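First the structure, in the form of structure tokens, and then the observations on it.
Chain naming follows the written order as A, B, C and D, and within any one chain the residues start at number 1.
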Amino acid sequence: MAWTREQMAERAAKELRDGFYVNLGIGIPTLVSNYIPDGMSVQLQSENGMLGMGPFPFEGEEDPDLINAGKQTITELPTTSYFSSSDSFGMVRGGHINLSILGAMQVAQNGDLANWMIPGKMVKGMGGAMDLVAGVKRVVVVMEHVARNKDGSESPKLLSACDLPLTGTQVVDLVITDLGVFTIDKKGNGGMTLIELADGVTEDDIRAKTEGAFTTRLA
Amino acid sequence: MAWTREQMAERAAKELRDGFYVNLGIGIPTLVSNYIPDGMSVQLQSENGMLGMGPFPFEGEEDPDLINAGKQTITELPTTSYFSSSDSFGMVRGGHINLSILGAMQVAQNGDLANWMIPGKMVKGMGGAMDLVAGVKRVVVVMEHVARNKDGSESPKLLSACDLPLTGTQVVDLVITDLGVFTIDKKGNGGMTLIELADGVTEDDIRAKTEGAFTTRLA
Amino acid sequence: MKKVRKDATEALAGLLTDGMTVMAGGFGLCGIPDELIDAIRASGVKNLTVISNNAGIDGVGLGKLLETRQVAKMISSYVGENKEFARQYLGGELAIEFNPQGTLAERIRAGGAGIPAFFTKTGVGTLIAEGKEVREFEGENYVMERGLFADLSIVHAWKGDTEGNLVYRKTARNFNPMMATAAKVTVAQVEHLVQPGEIDGDAVHTPGIFIKRMIHVATREKRIEQRTTRKRGEPAIPPAAV
Amino acid sequence: MKKVRKDATEALAGLLTDGMTVMAGGFGLCGIPDELIDAIRASGVKNLTVISNNAGIDGVGLGKLLETRQVAKMISSYVGENKEFARQYLGGELAIEFNPQGTLAERIRAGGAGIPAFFTKTGVGTLIAEGKEVREFEGENYVMERGLFADLSIVHAWKGDTEGNLVYRKTARNFNPMMATAAKVTVAQVEHLVQPGEIDGDAVHTPGIFIKRMIHVATREKRIEQRTTRKRGEPAIPPAAV
């Protein structure tokens, strides 16, 4: 047993607080918006220049001038404001966004993150990921616990050190995988700590699939 | 015989070109706007955040939210745009303003300019002057040729080197005084050149009142 | 998350401590957060470092905080219009750090945008560059200036919605937008308080993310520092030639 | 001083030279100056360095300049959506300099604002920082990045007056405002051309000073890269919870 994508998103939503401004990456992080508690005010930032991102438009109401950072058509809300890319990343770099939830290829026990480049493969670029992980106050990674290789084998993604080129160093605060939840003391020496297990998952299951060192302090 | 303030302003207006964006300092430079030729498009920038400065308002129509950098009430034009102080000085520092016309206490033959501080006297601050002289493409100084001291004596203002604290180094392109006009090769070694005499003024008159070195090349 | 507070005193509650750094928007008396300044005066908080382009005039704006000796230091570009300022400054009671106006604006913008330092050619070769790194880029010299970040920023806007989205009016914009981004907490006073949706998203100058608390200020007389006018029939100066 | 030109070809006349650097606004296909790109293609100018967040898609936007091999180098943050791009890049025909998106935006803004270099924490400890100065401020490391300035910028705006004052629409703003400030010459295409006075001075995003030439573009179909919709009755995702 492990968490589904939806359950991972639901768990990530517990990191939201009333009044937060949040940037969600593509993939599972996008699903987090389904689990914002009723009555909680959370404004979503899209780094291409928008605060207060609304839902997808109804069919036929798409506006080519209104897209998110994943280039998907979206809508605006009464609270929406638009701004330039430099103002948008001033907001990001300046630490004004409370929370960034994003995916990763690898996370190291010191909070290093790799999610933009695999040597030997076509590199598409880092987009805004390096700015987000460097600038946002709190960075939450949501990812599968292991990578499934083409030959059917599995490779750990929670490592003692990333071997892929980094997106940022000592930037990750929390990792949510399909097997459990880890905190990382990114600016200190506290390392990585397992704090929650997915339903039916044991600490031993996790140890078997985790290359990085961690201590356990389950609630 | 020497030029009046109005004649100095009229001479300075000859530096304007169609399509120019211009910043005018307080005092004589402000008068330059009286001499913009008919049909020439010149937009005046006010460094507190406005492009397209209009005339003073009619009595009773003053708007406290609409002032220039001298804190005077002004009006807007159809072409007017407003922006923040950082955008305004981005415009200045980035070299987008074609011409700055301002007053000075001292100008040196290499283009150094002093106009913000007299040691021993209450210092009010440089305001935007340092940014303007450093950033604007072409800097024209309009000033009296000599300073009149309290005891009735005169001190030259066109010097081999400024003795007052500088506003900028090698920044002045042209100096218009009540006695004549000088070019300065501010980035090269060409020094200062007298190119025009006010009506009835001789080169000897100017030599007698100028401490800085200059060559003469009258048109 | 309610941002709107009843009045200036409530909006600043818990935010004021002796020795703190406060940014205050405005240019001259244009676009100053006067009601918030009044509340700071009433609080009695002392030993402030105030970052503001100017220092008000006697009895108006920051001039009020000078009268009560609540300001220990100003970071400004021009402070000419204030007798009480001059008295304290010449008497050594008040420190002042002069910044070129554009450098001041950019330092604040940098502080808000997570930029700890930048290079500018403003001030190279002058007193302003003393003790600072000067470096050559492409054959020209530039001085390194540092970002500024305050404990509190107070700003004035023309219109704001309850989300904190702000719109400024004409030259009352000036330093307000950058200051709104460059403090741990920013409090705004707005002349017109509206509901979300009443401000076009394209017209927002300061997104609500930067505003933690806000108040609606009843219309009060705005002071004019230099009332300049022309008579009907007089030539238009500066010109309307476009 | 007439800024409005008849069409894109006339607007770019005399401005295009082989080997030049061109900034092109837009994010994905949103807010791209497509008509000006078409005219650059038609001109046949070669060996361009293009600064743009993305590289268009096959047959659309900058994709058109890739097809004709007019681009020698891209400075971008993300270039994923283009087969022809991938082919030329993997074949060594096209150079690419990746910049983090926020660093790219700030480098352009710096270039336009006369800032030759600034420090950012983005990219510290990554490939991006290699060969660049890293410096500590207040206990944290930052990498020095340089301003960018182009020979030509081409931008797209929703509305513009004949003075060159521009207003962008929604997320089509993106990189356009900074790019408008960061080139020797900026040419704008506007969807709605109006007379001075028809745009409120408080609503101007790009003041006319930055725009040297402009064209009115007849409405053309704007392309959508990722058409995402919801059915009526479906829950709103992302949510409208405010």
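Here, a contact is a pair of C-beta atoms (placed from the backbone, for glycine too) under 8 Å apart; a residue touches a chain by one contact, two chains touch by 3 or more.
None of the values given here were measured: they were computed from a predicted structure.
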item: From chain D, the most remote chain by mean C-alpha position; value: B
item: Chain pair with the higher count of C-beta pairs in contact (B-C, A-C); value: B-C
item: Centre distance in Å when chain A and chain C are each reduced to the mean of their C-alpha atoms; value: 36
item: Distance from the mean Cα position of chain C to that of chain B, given in whole angstrom; value: 27
item: Inter-chain centre distance, chain C versus chain D - centres from mean C-alpha coordinates, in Å; value: 32
item: Chain A and chain B, separation of their C-alpha mean positions in angstrom; value: 55
item: Multi-partner residues of chain B (each touching 2 or more other chains); value: 41, 43, 50, 52, 76-79, 82-83, 89-90, 92-93, 135
item: Residues within chain D bordering two or more other chains; value: 106, 109, 113-115, 120-121, 163, 168-170, 173, 196, 201-202, 205, 242
item: Each pair of chains that touches, named by its two labels; value: A-C, A-D, B-C, B-D, C-D
item: Parts of chain D lying in touch with chain C, wherever the complex brings them together; value: 106, 110, 113-121, 135, 137-138, 140, 142, 146, 163, 167-170, 173, 196, 201-203, 205, 242
item: Chain D - residues contacting chain A, complex; value: 27-31, 53, 76-80, 86, 89-90, 98, 100-106, 108-109, 120-128, 158, 168-178, 205, 222-232, 235-242
item: Touching residues (chain side chain A, partner chain C) in the complex; value: 18-19, 21, 41, 43, 45, 50-52, 76-83, 89-97, 135
item: Interfacial residue positions of chain B with respect to chain C in the complex; value: 24, 30-31, 33-34, 36, 38-44, 46-50, 52-74, 76-79, 82-86, 88-90, 92-93, 112, 117, 122-131, 134-135, 165-170
item: Chain C - residues contacting chain A, complex; value: 1, 109, 111-115, 161, 163, 165, 181-182, 195-197, 201-202, 204, 207-210
